[in-house]
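Heads up, the next two complexes both have chain A, just with different partners, chain B and then chain C.
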Partner chain A sequence: MIFSVKRTMAIFQKDYKDILKNYFVSSSVLMPLVLAALYGRMGVETVNEHYLIFNMTFCLVAAYVQCSLIAEEKEKNTLRGLMLSPASTLEILGGKSLLSFIGTILVIVISAFLTEYKPENILVISIAIVLSTVFYIGLGTVLGLMTKSVMEASVVILPFIGIFSFGSMLTYFADKFPILKAAEYMPNSQLINLANQVQTGAGLLDVWFNFAIILAWVAVIYVIVVIVYRKRMMD
Partner chain B sequence: MSILKINDLEKHEEHSLVFPAFSLEVSEHEVIAIHSSTNVRAILVKLFLGELPVSNGELSINGHEIMKSKKAYFNQVGMFLLDNGIYERLSVKDHFAFFKKLYSSEISMDDALRMTQLEPKRNIRVSKLTASEKRRVHFGRLLFQDPALFIFEEPDQNTDLETKRVFLKLVRKLSERGKGVLVLTGNMESALSVTDKVCRLDETGLHVLDVVSDEETTDALPKEEHKSEDQIIEEEIIIQPVRFEKIPTKVNDKIVLFDPPEIDYIESNEGQSNIYIKGEMYPSVFTMTELENRLHPYGFFRCHRSYIVNLQKVREVVTWTRNSFTLVLGDAKKSSIPLSKTKMAELKGMLGLK
Partner chain C sequence: MENIIEVTGLAKMFANQTALKDVSFKVRKGETFGFLGPSGSGKTTTIKILTAQLAQTDGDAYVFGVPASKLKEARYRKKIGVLTDNSGLYTRLTIYDNLKLYCDLYEVPHTRIDEVLDMVNLRDAKKKVVSKLSKGMLQRVTLARAFLHKPELLFLDEPTSALDPVNTKHIYKGLENLKEQGTTIFLTTHDMNEAETLCDRVAFLNEGTIQLLDSPKALRQKFADHTLTVELADGSKEIIDRGPEGAQAMYNYMSENKVVSIYSNEPTLGDIFVEVTGRKLS
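Let's look at the complex of A and B:
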């Protein structure tokens, strides 16, 4: 089976046009931007505050858009048409992931501009952001494969927004409750940790441990994607 | 060279037999309709989609079986299903552009729009189209896909006349281009309007209906008429003194009598003639020929081998092609009834048209 870029782009363009007219989804994409603009006017001092917005973007754009794109195909019964077409599953998911990916990166760049975030080492931060985006798209794919409608998808995504946007705050209580130490190994906490180190002048080699953890998360989520996909295809 | 090959396919569901083993082939240029109940149709569709396994028998399209190579199988077949989804927010043009790229098709967008008669609607969101127009968008999808075999599930159920016309034109064009077409429907009229090759599939098996084929019917008819003439003479002798004018029908154990002008039309189904009155069906005790003779004085007309229509109720005569016609009645359901080619000339004569 040859991966066709043309078909992937066809699906990408179709989803792009569709999402522009889907105000339910596109308005949630705008939320991080509104928040970023507000924070930017108030003045952001710590790196953690920048990343509160970035992590929210990951959840609302990468994960949620990906999830609702897949869930809507199922809800409207159009997924079967796609499955019967020459497009392979890889091409279908590829087209959708590409849209979520471009959307996420765009929103992150604009929010960084609005909150006036200036990383010390732009290369390390970009790699970290791209890796995180890939992780959240994987998360969105898993949720999308499991849910049946956009409504269901927007409910399912809520706990994940809670965990991944504000979860990093749990580490403040880690002294009192040792179990919360585990929260430090979440991908969002690792990203913040990494960004803090970069801000104090760390290079690519100094943060390899954070990268390794994020990479491990990416690997885990894509293994889950494959498992869920196989299970769902059996039905 | 046959495109679709069904060999000894049968299906049991739990305790009941859905249909016994049957074989069917659809070749190039061929249009075949299968008339069946909703249940049988749904199971056939599932077999074609691979949602139900083909456990007994074989089903292959151009030599590809679904179990062996799913991709190759689905490349050969285009399906129009009743529950096909559509991207509500996209316009007709967006849809066609997407299909064109998805199927890497050579057909130009304008051609597809013209064939589905969606040109004036090209920039309109699909959610604002009528149900009939949405179907035409799906016809467009099949045009772009351009497979060897087309399967249509209830293509003209609850559609407007324009969509029906588009569909019939499409089927004719496809068969001219050497494609195979299979129509699954529960409506005999719709099956007859598409093709002369109609089969009925139920728990007793696959029966090929001997439809229209005008030369044969003209041979067969005089004999029938001859036989029945004696009958009328006998009947008239008995009937005339009483001036018996009611048509009896059997509903369970009761015999219900109807005035001839009440009747909309009569359809024959496997030797049983059914009388339709205001959308309700009543089985009649008479054969079609007997009914035709009894009802002739009341302005009834045998418009097809298996149909007698009350001419007073006919509102429209629709011409699909030079050889295929449909009568549309003026009742609430706007029932449509096939009119065979030879009978058209007769009807024209009766109406005083030449």
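Let's look at the complex of A and C:
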């Protein structure tokens, strides 16, 4: 299969032009930045506080923006036009994910600057952030494909924002409710765990288990993406 | 002559409802084939099956010699243009930006945009944002997008349904140009005049089955009552059979210099459709 960068970039450029005029979706990008600015002024002391903002960015930018972009394509019947074009599944989903990906990374970098986050191992953290972004974009894609309109997508994503932004806090109550221990295996919890280890001097090999769990989440979500997308290609 | 589309025994069921049953036809290369029928007769379902948007329940559908379900490959997609009732446009972008995206997807130079906008009489409006366009203009932009990449096979589902007569003529002219360039056109419509104007052959679809298939001319002749109407100088009209008696009557009128006009009594495609199916088109 040939992957066309030109087709992928064409979809990305279209999305970029479109989102600049879509204030409903583009304003959601600002929320983590506002929070980061506030936290920055108050002074962020723990890794968990930094990652509260980062996990919110994943939910609001990577997942929600992606979900809205896909849902709007469905709502306006433009996704069918892309599907009937020579663009492959990978080119369409790649092009549609690029904006959310760049947006997420930019917001995280700016937020990290505002909250003065200085990871001990920038390489490990960068890989973890990129992997997490890929996961949340997959989540947004699935939810976007499963909903029929932007309004519906905005509602459907709310529980996921709650779970993936604040879900890691559930582990605080794991002693009382052992079932909540499962929350440790969520990608957001794994990212926080990994970041805490990195701050104490851990390297790439020390956090392989966290990476493996995040990677498993990525694999599962993209299998679901492909299944749902193929279903949506047909009426 | 090479067949671009070959359909045999095609059937489609939606739950307990039959949309198509035992539909068979062939579309030759370069012809404009009309699929005529009232709303809900199965026209759009057929297009969706032929463009791999829908799987058939039974039967075979081949396009370019391959099963329609295989048309998802880029090399086939480049040969096909589709206009359906749900072809969407990006409403926050301009006409130009919408078409530019599709130029890039089909690897067509951007200079083609002005050419197709000329065909649909929209060149002056290319900087307009799509959300500001009228329904007719939207229809013309989606049409322009369908033939932007000069497809070998063009599927058009009710292409002029939202257009005024002036713009309809523009579209007809554009489609004639495409036909001259060798494009095969599969057209669904319930407008019989459109079918007469554009189509080389037509199929009448009713309740999921093809009831008739031939050229408009052959169908008219087949259903003609073989009489002539003679309009006389006193304003009266006489219906004359074609035969020795009719020839004698005609001779008499003409020798008395009474004839104003003569025309054959051929039915329109609409008349034939009603006669065959017992249904009116809507």
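Just so we're on the same page, the second predicted complex is superposed on the first by the 233 of 235 C-alpha atoms of A that agree within 3 Å, B and C clash if a C-alpha of one lies under 4 Å from a C-alpha of the other, contacts with A are read in each partner's own complex, and residues count from 1 in each chain.
Heads up, the rule we're going with is that a residue touches a chain if its C-beta (ideal position, glycine included) is under 8 Å from a C-beta of that chain, and two chains touch if they have at least 3 such contacts.
The structure displayed is predicted, hence computed values, not measured ones.
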{"item": "Clash or fit (per the criteria above) of chain B with chain C on chain A", "value": "clash"}
{"item": "Which superposed partner A:179 touches (first chain B, second chain C, both, neither)", "value": "neither"}
{"item": "Chain B versus chain C as contact partner of A:205, first or second or both or neither", "value": "neither"}
{"item": "Which superposed partner A:10 touches (first chain B, second chain C, both, neither)", "value": "both"}
{"item": "On chain A, positions contacted by chain B and by chain C", "value": "6-7, 9-11, 13-14, 17-18, 21-22, 76-78, 80-82, 84-87"}
{"item": "Residue ranges of chain A touching chain C (in the complex, touch as defined)", "value": "2, 4, 6-7, 9-11, 13-14, 17-18, 21-22, 76-78, 80-82, 84-88, 233-235"}
{"item": "Chain C - residues contacting chain A, complex", "value": "48, 51-55, 72, 74-75, 77-78, 80, 82, 86-93, 97, 100-102, 104-107, 145"}
{"item": "Residues of chain B defined as touching chain A within the complex", "value": "49, 71, 74-75, 79, 83-90, 94, 97-98, 101-104, 125, 141, 145"}
{"item": "Chain A to chain B touching residues, read off their complex", "value": "1, 6-7, 9-11, 13-14, 17-18, 21-22, 73, 76-82, 84-87"}
